[in-house]
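After the structure tokens below, expect a handful of questions from me.
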């Protein structure tokens, strides 16, 4: 399965009056990591949507171990765990230096523009399994 | 011209580490007030979009007089100042009790689904001028 | 245990280009429901913070059953499931009319202003168990 | 006066159902540019806050010329226009490739932790005027 690492820098807008990053914003950071992973396997999400595929989140969860603060550089490791017939599961670990800040998961369905669940495009499954796609050649 | 008053309650998510509401969030509150004003003249924004009209913001500004804090109930007075051929201008005053928190302005163009600037629907102009529309009878 | 129902109206700002509410925003709505529940048991969150107690989220999850759309009125049922020594667990169901949109959970620790985990204030435990507090009399 | 250029990539979370970036999010991007400019003159904002200085926004405005879309790489040019006794003014231009997306302005006051307006720290004024500070040597 495919792994990727990306990083974000915590914005002031993402903090709350507790002086830490608001928990809901972590899901935006997971998105950044997910988009980066899709880039890395040559399946940019914008191209998927152009081809009529959408990947709504059907479930998500996060465990917060240590708070993220303004201006922190956070490394997000993301792993595409499983590709089912119609859904994919991703797992994430967020770190500042060596300190683990959070573990998270998201599951996504492939749907078409009418919201109907569909199979992933063939290219995607091939790339996500780490095989070379024709498009790469 | 049409006036309306609505209110919001400041969410924890909307605060930042300075302990006050983040300035960018005021524009979301202006949206809440604008949507409410459109309801009040019987032109709900969702109906406008269904009819193929969109109202993107083409300029906006805000002057911050006093900070808004978590859990504040804020009253937003909104006034539909002018309806031009293809754009509308709104002005807003935000208050907590009698204290003015901010003054703001937004301008919007009417565009169709292709992003092309168009004239407002007739019903809208009539309602926005405070006249009774046939739809009301 | 304590139950409460509140409702929100989906803001345009909360939608994304898929035409539905972005998943991360549900956690802001859960906050709105949580704040409302704390009000209902006479323990407003702002008072808790003034007394030196904070309730950071230590884990959260959401299962999305049906998409929420712009302008939807969403009813959020929230239930304070358990009060442990130092943490509380809440469960949420989000509905539009009779349709279930999502199920969600959050866990929170009580911490003091230095981020150290502490026991909930006595009043809180009493109120959360549905007993009358002296403050109510 | 000081100039800087930084760039952001539009997040899915930042789009709305019109398929473009929500206008209020531009102010978050301006923050990213501002933080980057302060880094570039060796006055990181986090250090300013540690030293007891805060820079709340006292006014802001934006003119939207062309929409920003999901995944766009946007270049933000920021210019520290004026440093008054107690406030600073910044101007921003946002571009995708050569296309101008928006012009924006923000004004900020220097305040202390009690919200009282104060003069900028000496180091800041020196750095912002492009002079070498002792800290740089």
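When the chains are written out, they are named A, B, C and D in that same order, and each has its own residue count from 1.
Assume a residue touches a chain if its C-beta (ideal position, glycine included) is under 8 Å from a C-beta of that chain, and two chains touch if they have at least 3 such contacts.
Because the structure is predicted, anything quoted here is derived from the model rather than measured.
Enquirer: B-C versus A-C: which has more C-beta pairs touching?
Expert: Between A-C and B-C, the larger count of C-beta pairs in contact belongs to A-C.
Enquirer: What's the farthest chain from chain C if centres are computed as the mean of the Cα atoms?
Expert: D
Enquirer: What whole-number Å value describes the gap between the mean CA coordinates of chain A and chain B?
Expert: 34
Enquirer: Between chain A and chain C, what is the separation of their C-alpha centroids in Å?
Expert: Spacing between the chain centres: roughly 25 Å.
Enquirer: Cα centroid separation between chain B and chain C, in whole Å?
Expert: The mean C-alpha positions of chain B and chain C differ by 28 Å.
Enquirer: Provide the list of chain C residues touching at least two other chains, using ranges where the numbers run on.
Expert: As it turns out, chain C has residues touching two or more other chains at 12-13, 20, 24, 27-28, 31, 70.
Enquirer: Hey, which residues of chain B end up touching chain D in the complex?
Expert: Residue positions touching the partner: 18, 20, 23-28, 31, 54, 56-64, 67, 115.
Enquirer: Over in the complex, which chain D residues touch chain A? Could you list them?
Expert: Contact set of chain D toward chain A: 11-13, 27-28, 31-32, 35, 44-46, 70-71.
Enquirer: Give the list of chain B residues in touch with chain A in this complex.
Expert: 12-13, 15-20, 22, 24, 70
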